[in-house]
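Pasting the structures here.
First chain A sits with chain B, and in the next complex the same chain sits with chain C.
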Partner chain A sequence: MNYPKITYTGWRKGKDKTAFVLVCLFSLITMFPLFFILWDVVSKGYKNFNLRLFTEVTPSSMDAMLARMNGEPIPGGILNGITGTVLIVGMAIIFSVFLGLFIGIYLADNRGKRFAGVVSYLTDLLQGMPSIVIGIITYAWIVKPLSGYSALAGSVALTIMMLPMIVRSTEETLKMLPVAYKEAGLALGSSYTNVVFRILIPSGFGGIFTGILLAVSRVMGETAPLMITALGASVVNWKVMEPTSAIPLLIWDFYNDPNLVELIWSSSLLLLIVIFLLNWIAKIVARKWKV
Partner chain B sequence: MESVKITNGKSPILQLKAVSGSYSPGSYAVNRVTTDIYANTITAIMGPSGCGKSTLLRAINRMHDLYPHIKTTGEIILKGKNVLAMDPMEVRRMAGMVFQQPNPFPTMSIYDNVLAGYKLNDIRLKKREKDDIVEQSLQSVGLWDEVKEVMTKRGSFLSGGQQQRLCIARALALNPEILLMDEPTSALDPISTNKIEELLLQLKEEFTIIIVTHNMSQAARISDNSMFMYLGELVEHENTTQMFTKPQNKRTEEYLTGVFG
Partner chain C sequence: MKDKIFRLVLFVAALVILLLAAGIVYALVNRSVEAFGEYGTWGFISNAEWDPRSATEEYGALSFVMGTLYTAFFSLLLCIPFALAVALFNGEYFKGSGFSSFVSSIVDLLAGIPSIVYGLWGFYTVRPIVIEMGVNAQGFGIFLSSVVLSIMIIPYASSLSAEFLSMVPNKLKEGAYSLGATRLEVVRHISLPTAASGIVASFILALGRALGETMAVTMLIGNTNRIPQGLRDTGNTMASVIANQFGESDGLKLSALIAIGLLLFIITALINLAAKMVMKKLARI
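What follows is the complex of A and B.
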């Protein structure tokens, strides 16, 4: 039989080269937005990125206007947003980690069961739910019945957003652990609960913790669901049942206030730094805690 | 089939009465195995792949409870108690198990690995008691001198053979009535295997050992009695020397001489 002759001609070489260049080019293009965002945020935000940003609450529009007319820096910071974000996200972490761990454990251990299939499918749906819808649902569930905007309502909205990510990361991490750990634990006469909490969860800590950090960094910048749940506040608030501010809420406020617009950039810079830090820590933890 | 008996004058520590194990209704991976195991002996379970040796071993400490589709029937009497009617957690404290792959708990130190059985059973010990148990357990597997300086390191820090001895120490720390070993050396190099075999010969002074092995020469080297299983049935349970020199059953002879398996 005659096989066709395969040659590596100039035409084919050229095609090969072109494809390679295009791939590199497009890869570079995907990086441009990030570079520009970083450049913009850093170059415009560093001016107001000072101690004041962390120690003072948002100034009133009037004070800011007076300061601006006198050529002084903006007389305030975003302390109320920072504490609000810590409070709301902190509560959301507690709720979602608690719930997410249990759901993840259940899913990892009951593959193929009907109910587990339903839960798994609903988790996927929840992951795709628009954040504003989650906000509105939370408004109807929490804000309305309790007749008031609150940090609690905000944290419930964020919990619903974090939950699917934590469930998935817990489930996937536990599924990847060798069945030998579970069997060895049970063979020592342990209860199932002790095997899960003293062996499996610690062994999968890296993966689970990474999932939690990534979920936190995702919801940290959420604005829409907080606008209709936590509302915002111009003072530092640690009360769970009171309206509370958050960094992304303040950014939205600054956008609507020409006297405070300068603070957008330093607030964004702070948010970006925290999110980058979280991602960086997540990477390190994932690498260090590999079992 | 008839029950096969080995007696050496004592009463058996473990009795199997018509034990069957099934992965799906109607088919038996272990089919009505009846025999006795005596204290302070090493019993090797041999047979070709899929003959049911691991299934039989894992029935003894109720490991099949983890997988609801596996059904165990018959009677397994350990120290006069019917294992299948007991609380599985209690059974497993009486019957220690060592697996094919060394599996020390990766997040625990060597010290904590030895004590894992106590921790997992929520048994609180004083520091002195802990130290004593750890030292004695590691001494009995010959690991004490090798690890006493690195007690706080993770279990996975050790070599494969050391890890397996750590796993044996972990099982021994609970002072079980019987030690079940599922091909404990098949993932190890010859030198580590040799160490474990020597260890087992010492351990039988205090414990009763049942070891599943696909390695006939290992069975010949260390076991007092051997069970030969084929297609889920116990074909022969005999004094090891007797079985390797004058097997009673034709299939045993064929397996031992390499006709099949």
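What follows is the complex of A and C.
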């Protein structure tokens, strides 16, 4: 018997194969930019990636120009940016971790309540808010009333960015824990507070900690909100109420200054190493303490 | 007693989110009243003039609204084939395999790269290519920023889409296979339609990201304060004009910039709401 279907099948098979190849091809192409960017940053940044980068502050544009004219390496590093990032991000972690943890616990425990629904919706809204708008708000809240740019303002901006991420990851993690954990604790006569701190948080530690690490890695490279809150400084500053620099802020400064432009790649390299390291640790933690 | 206090603490913490949101809206509205009062709400939005010189001072948001829409939608268009391919790769063709976890962790790393590093890469590596392509003489503009932006939003669109694709029940797919469907036919007639609203929602969320992206766009768009005349033209987005001019401004200009921030906030809030509504439709199926 003659099956006209067979030629038809060939055509369908051909289309099927083509689609498969296209999906693989486009997925492959999507991965290229990562390698291009890494190659760019590493190949251009390794020259200035030395001890000096970590131990000296940003040189003035003048010194850098003189050094460049004499063919010497740039006389300075990004110590002020490193300490600034530690200060600003560190404060943001302190502000956001406990608050985010508590809100996450509240949302996980009060599902279905109207107030919790509103809070959950607003958390989504905060998460989708552009970082520059967060910068404006912090400017209006803190920089303007206290009449000055400061590390505190920068860390408040980063706190607003981190908070929804930590709330979400905490809530999702706690929701995945079996209800029996909580019920068993309560049935044994333990107080709700003890159940939360002795059972829920330790069992969900992996997911919660991963969420915090990812949130930190996200705000680490934020530039726009810091530009209009922490402003930047060319010296090491540990005072909370003074303008402070950060690594991404310095990259922006170097980008705009032709004398210092060589430093952008080594600073970017450092930033990427820290961010990818945080991502990597988060992955390991998530795998090790799987809920 | 201890429990009561603890529950109260949790409630107060949740209240902080409410206060934050109220404070955000209040601060934005309060600081932008001056600009809206000067030109009228619609007058401010529909005016394409942006002239900070003190003699002929005049501010309007239209150029930046248009610049934002151009870049965001063009980058969304560019990212669709790639994000969809990655989503199908991870959520359908290689679901759960080692290949898939490799590809998805690579694509996730793309989301971890800071905006400013994308800007540097776009400036030093992509811009020469764009000039070579003959798009325009300097390379800066809507086209360059959209290309870089599309790479930045791929991970957001693809990871969520993949999740929705992988949730399509096997029963449905097996039914189609047993009727003799090829893999492509299953994808086209079963997987994609079933996960459609989830995929649409993830692309809407990616659009929201593109609308608010600041540093990379600021470095690549050319920063001209007028309505862009097409993809080859330079322009400014709402986020980039704020990043560019906020530092040295005060008075009416500052208020106008904050008003643009308020508009951007409203647009992204609406986009998020739209995504949520589309997803709700999915939950009902």
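Keep this in mind: the second predicted complex is superposed on the first by the 282 of 291 C-alpha atoms of A that agree within 3 Å, B and C clash if a C-alpha of one lies under 4 Å from a C-alpha of the other, contacts with A are read in each partner's own complex, and residues count from 1 in each chain.
Please note the rule applied: a residue touches a chain if its C-beta (ideal position, glycine included) is under 8 Å from a C-beta of that chain, and two chains touch if they have at least 3 such contacts.
All values derive from a computational prediction rather than experimental measurement.
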Legend entry - When chain B and chain C are modelled together on chain A, clash or fit: fit
Legend entry - Touched partner set for A:L66, first chain B, second chain C, both or neither: neither
Inset, instruction - Would you mind checking which one, chain B or chain C, touches more residues on chain A? - result: C
Inset, instruction - Please indicate which partner A:I273 is in contact with in the superposed arrangement: first for chain B, second for chain C, both, or neither. - result: neither
Legend entry - Partner chain in contact with A:V235 - chain B first, chain C second, else both or neither: neither
Inset, instruction - Please indicate which partner A:G221 is in contact with in the superposed arrangement: first for chain B, second for chain C, both, or neither. - result: second
Legend entry - First (chain B), second (chain C), both or neither touched by A:F205: first
Inset, instruction - Please work out whether A:M31 is in contact with chain B alone, chain C alone, both, or neither, and reply first, second, both or neither. - result: second
Inset, instruction - Tell me which partner A:R12 touches in the superposition: chain B (first), chain C (second), both or neither. - result: second
Inset, instruction - Check whether A:S191 is in contact with chain B, with chain C, with both or with neither, and answer first, second, both or neither. - result: both
Inset, instruction - Check whether A:A180 is in contact with chain B, with chain C, with both or with neither, and answer first, second, both or neither. - result: first
Legend entry - After fitting on chain A: smallest Cα gap, chain B-chain C, Å: 10
Legend entry - Touching both chain C and chain B, counted on chain A across the two superposed complexes: 191
Legend entry - Parts of chain C lying in touch with chain A, wherever the complex brings them together: 2-3, 6-7, 9-11, 13-14, 16-18, 20-21, 23-24, 27-28, 30-31, 81-86, 88-89, 93, 103, 105-110, 112-121, 123-125, 151, 154, 158, 182-185, 187, 205, 208, 211-215, 218-219, 239, 242-243, 246-247, 257-258, 261, 264-265, 268-269, 271-272, 276
Inset, instruction - Would you pull the chain B residues touching chain A in the complex into a rising list? - result: 61, 63, 66, 89-93, 96-97, 99, 101, 103, 105-107, 116-117, 119-122, 156, 167, 170-171, 174
Legend entry - Residues of chain A that touch chain B when the two form their complex: 178, 180-191, 194-195, 198-199, 202-203, 205, 291
Legend entry - Touching residues on chain A, where the partner in the complex is chain C: 12-13, 15-16, 19-20, 22-27, 29-31, 33-34, 36-37, 40-41, 99, 102-103, 105-107, 109, 115-116, 118-119, 121-126, 128-133, 135-137, 139-141, 160, 163, 167, 191-193, 196, 217-218, 220-224, 227-228, 248, 251-252, 255, 264-265, 268, 271-272, 275-276, 279, 283
